[in-house]
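One chain, chain A, links the two complexes that follow: it is found with chain B in the first and with chain C in the second.
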Partner chain A sequence: MEVRLVLAKVPGGAVLGIDGYLVYVEVDVSSGLPSFEIVGLPDTAIREARERVRAALRNSGYEFPLRRITVNLAPAMIRKEGAGFDLPIAIGILSAIGEVDKGKVADCVFLGELSLDGNVRGTPGALSIALATKEQGFCEMIVAEANVGEAALVDGLDIYGVGTLRDVVRHLNGVERIERAGRTNINLSSVRAEDVDFADVAGQTHAKRVLEIAAAGSHNVLMVGPPGSGKTMLARRFHTILPPLSWDEAFEVTKVYSALGLLPAGNGLISRRPFRSPHHTISPAGLIGGGRIPKPGEISLAHRGVLFLDELPEFGSHALEALRQPMEDGFVTVARVGGVGVFPSRFILLGAMNPCLCFKSANLGGSSSCTCSPGAVRRYLNRLSGPLLDRIDLHVEVGQVEVHELHESKDRERSMDIQKRVMKARDAQIARFSGTPVRCNAEMGSGEIETYCKPTKDARTLLYSAMHKLGLSVRSYTRTLKVARTIADLEGSEGIQAHHVAEAVGYRMPVFGV
Partner chain B sequence: MRQSNREIGLRGEDTAVRYLEALGFSIVSRNFRSRFGEIDLIAKDGDTIVFIEVKTRRSQRLGKAVEQVTRRKQMKIMKAAAEYLQKCGALGSKIRFDVLAIDVLPGGAERVEQIKGAFNGWR
Partner chain C sequence: MEERECIIALNTILTVGGERFANLMRAFGSARAAIGAKEQELRQVKGIGKETARRIRSLCDGQALMQEIQKAEELGVEIATKNDPLYPHALLNISYPPPALYILGKVLPSDAFSIAIVGSRKPSYYGTRVARHLSKNAVEEGLAVVSGMARGIDSAAHKGALAGGGRTVAVLGSGIDVIYPPENKELAEEIRENGAVISEFPFGTCPFRQNFPRRNRIISGLALGVVIVEAGETSGALITADFALEQGREVFAVPGEIGNPLSRGTHNLIKQGATLIEGIDDILEELGIPTGGERNLRDSSGEMSLSSLEKRVLAQLGFLPVSTDDIVIATGHSAQTVTLALVQLELKGVAARVTGGYVRS
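So, the complex of A and B:
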């Protein structure tokens, strides 16, 4: 004979991939031997919430009811993970035993991990859950202080940041209201303060020109050159010439970082373009995303930024080939047992490699000091497949710098000046594509190419003959046109002239006869 | 003088018998022993056979009496109950497992809490 005493229902939330969804935490406290069960496909971290909630309640001065407590996480069929349910479970128990007004907890989403002493800790994915909260028609959300910055990015949602479980109870009971958090607002165009600059790099004017084009149109680049020529140095400065993130872009990037719990402490918004440089031993899952419940990989962490793959041929072929589809589509779908994740992956691929294995050849043309056999060189270069190279628009040789160039620093261009030209070209693109989801030349589809990439007669003739001579694929053709469009934009030219096409084709020339 | 654990247990069981009889239960057996374990009290509540575990505690310093009926103890009681039912050919009867928690308060007064259907073997 079970007498149901009390039932409470508290909204909480969790993240699947990078998207948030709401979960109702139902708490039933009934007579029976003392027990505390959590059902609704909880993972280990949620199961362990029992111990945290018990201790947090006691240490916050509340009585933990010695009755039969059953917690259900609805909808029951989705597998949930994370410690963010500690707070809604604790609030559910408190409202079931009458410490908190039951009516007060139904209109507010709770998110937070509890420590044993009753403090509320931040959890990953607060931004995504805040978006889901708004979508489901809620207006209030209570989160840990550490999560306020990201949650307050969402418009039309009242966010309350709390430090301890007692704060929450006092707030809900109206004893001591917590002040609503102000909307997070950052002027993205003023974000700068890089401690590196293109002016640090001696020589390499050719490579710098290529990186400028890449930044202006968001094209992929492969730098080939002997060790010590400055490939890595250039790559590490690439983001200083990229245009600042727009608000929408920053939001997209922040969502990924929030879901993985990688947001830096502070304002809660990723305000600089990401620069990711994974080591070449990375697995395909680490690069693309994976896990039993799929999580984003490096390509999604590089979304709207740069994915730098140093020593490109050293990467596993499975990992490299897996890049092809996401590079083309701008998103990747990862299907696993625990669910399907769709993650954004619009990044600039920046590759760097040596021309051969002995690392002695100064240039691709081959200096006499290279001791590699032609077969060895071929095998090394063949690690990169044609389809992958086809998707890299700009191939550039980064040669050795002459010693005298190291000390001629006065006429080196600063990142800021290059960035100004890049931004001018980007503004032209944004104006051109306004009203469409396309943001830059690299994202153009066949329709946009048709409309906006009209080469002059001379340019067309040149392009056709180049296609013929180099045996370019149709993808190469359209990609070359996009690069030509960017070069024309940098020049401020409306039409695509022959010299724009000539430069674009030049970068597509397979630098190492693959 | 402090009572031994056995004395406190017997005293609790006496209290339990008085309590149950006042409620109209008829006591069928006390301290039924099987090779699996012991059942403190077996009583009849109407046509239901009730197996009762009596737990007595002198101080709540180490927790209340109800907290002491562990999962392992529950399993023992359920196995012993099955043996009892088989012995008296009552396998088809309605049964129930109750816990009677008796907390001896400082000063000697007793507080009895009966949890009907405390466990059922599902979990």
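So, the complex of A and C:
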């Protein structure tokens, strides 16, 4: 009896952390007792592909071969996750039994989950896998319709969006070609957050000014104020005054969201700066990233955007301490058993906190209505470590807004107008730092401060006098200079004048607990 | 046991204060006789119950006394009984003076020229500032400052005296080895160097509520007069004022804002006849000490060259914190301009940033 050995090799892909890599799905159909095995360190979701593929093939009108089927996911030593291998496995079987032309299959990367009726579903990480596809020299990729938007962001790759398994087979056999998806293109500078605006916030001119400076220089901010004073409202509008994402930035952000399967339905590109506001019970791994196979955490989801930590002292000390290094480097390396992930983490930190624990005090450190003992207040404030506070350039007290202010009809400034000033200041910084890795004032190290923050004589005198009379520390000296640089940039001033420094001194860290 | 040792031993019983001690002396003639007396006899004395009598009886073995004296040597504490030369004379004039005092540091005879400065434990910025200022001026006049080392006004008074390079005495409501509030440990150390920390309570006594009125009578007893800086309607500082009147000391009150709860106590005192003071000179005058010229808390901003913007912003500031936003609304300037002006006022020393905003300084 003639024994027919058939082998098919179909390219597929998976995500490790946020980076994609290609996996070759090898399907061997041989004679023997009917069986269906998947090898190559599959996780449970991939192992269960057997049932989905079997049903999808049958319900799409193909015969499932009653022979010995072995599927290998190469390279075999990487542990693989996800349901994106359903489509390449199904295509591999079809090509092994001759339903699809083997030659057509080898030049195209397949990605998609199958439903039992043969429909193709989207999977996380399509963008990263599309990038890997291009890198490996492929020029075609077949994905679920839901993933077309993100995959089509990659230049020089032909993307075909498919709805059902039958569509794929008909396309490959040339019976009915699917049209190539157009490249996703969005004009990012026209993207606006229409739903919220700085003009919604009554009063709080002081805090608004501080946030404008923060946006202009990418400085971290700590807002202190009683509950209901509007800290959260201000924070939720902060991204509306930040400059729009550049194409590269949007790409970086989208990659993270794609890997976690968090992309909103639609065009596939994250076009607004992210705003992340994790609850204070978050674990260090949830914040920084973690898992057996590392996955990005909140700081990477806030990449190029805003990380808002409300009730800052309530966050676990391990979580807050873990923030320091990623804030410094702009990326975080998470090493676990299942691999090592390097995730981007360049965000602006907005912290908010109450002045004390009893919430009765309108002021930091307690007033006569506050029922906290001084020791309790000190312990509360001590939860913020010095090294973390060192990375916060701007401090602002947010007071209760009087009722009459809520109804004042005076024209409040719109986000768009503030954003224009912010963008002007950012342009000045980009020009100044061109040729260096620094992009904004907050990222300046001691060397850059030396070079670019030269206060005038008056400004220097004022700064020394502030150090002497107001007890400014050496650390707050450099912070003050950085903030003064941003204030000067907002004004369009080349040099740092005395009034820039004076205003910056006004945003220094208060003496806690007094 | 000698008589002096017997007094110290009796004083280790918390329930034997000045009054019961005096009763015991009247009944038995000496502390030694009181300790040697039978429980039945002790029960006859006014104010001595079963438990106290039992405790007095148990003093016979001298163990409590030994522990007390050993501890005093360890910590460098002097124990002065009523009959000792170290015992402050001013206290002998009050009714029921404490039988013994624990002293860290030294009480000098010159410390009899002193004023007590007391007030709220949660003062406003204004109260703290006045207490410091008055205290500093007082030591500059050669007066010592007595207070209770509590949070708020008391601590500010001690700090003012130390800042003025003068002498100050802290009277505790706990054992002398129990510093309360704990954040005042360093302050206590400084006071010890420049005066004395004293207590009538035996070692290890916790700061119980009921100790404080007893402590207050020593504060007023040690001083020529008592200054109340800020006191709510039920403040313990008012108890000190009552003792002062009882002991024939002067009572001075610093006025505050109408409507501020912290002014209620002091304003009530003024209504009842306490002397309203605006500065150290008012105190000196009342005590009959020659004054050294004008030294009241004054507005120093008039002599300074301020820009018109700075003047407008300063006009919004008072002794209670005003937020930047409130100044923005009141003056119509931008937040940026106001912040700038505030920092400049701060550098010129006429404004200060406190929690909740800015105040005059």
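Points worth noting:
The rule we apply is simple: the second predicted complex is superposed on the first by the 465 of 514 C-alpha atoms of A that agree within 3 Å, B and C clash if a C-alpha of one lies under 4 Å from a C-alpha of the other, contacts with A are read in each partner's own complex, and residues count from 1 in each chain.
Throughout what follows, a residue touches a chain if its C-beta (ideal position, glycine included) is under 8 Å from a C-beta of that chain, and two chains touch if they have at least 3 such contacts.
Not measured: the values here are computed from a predicted model.
In the superposed model, A:C139 makes contact with neither chain B nor chain C. Contact with chain B, but none with chain C, is seen for A:S31 once the two complexes are overlaid on the shared chain. Look at A:L66: by the touch rule set out above, it reaches chain B but stays clear of chain C. In the superposition on chain A, no contact is made by A:V340 with either chain B or chain C. In the overlay built on the shared chain, the residue A:L262 is in contact with neither chain B nor chain C. After superposition on the shared chain, chain A has more residues touched by C, the comparison being chain B against chain C. Of the two partner chains placed around the shared chain by superposition, neither chain B nor chain C is touched by A:V39. Using the contact criterion defined above for the overlaid structures, shared-chain residue A:L116 touches neither chain B nor chain C, since it reaches no partner. Looking at the shared chain after the overlay, A:A76 reaches neither chain B nor chain C. On the side of chain A, the complex with chain B involves touching residues 1-2, 31-35, 37, 66.
Partner chain C is touched in their complex by these residues of chain A: 203-209, 355, 362-368, 370, 374-375, 378, 397, 399, 401, 405, 462, 465-466, 469-470, 499, 502-503, 505-507, 510, 514. Only residues 122, 124, 151, 181-183, 261-262, 321, 323-326, 328-329, 334-336, 338-340, 342-344, 346-347, 349, 353-357 of chain C touch chain A when the two sit together in their complex. By the touch criterion given at the top, residues 64, 66-67, 69, 74, 99, 115-119, 123 of chain B touch chain A in their complex.
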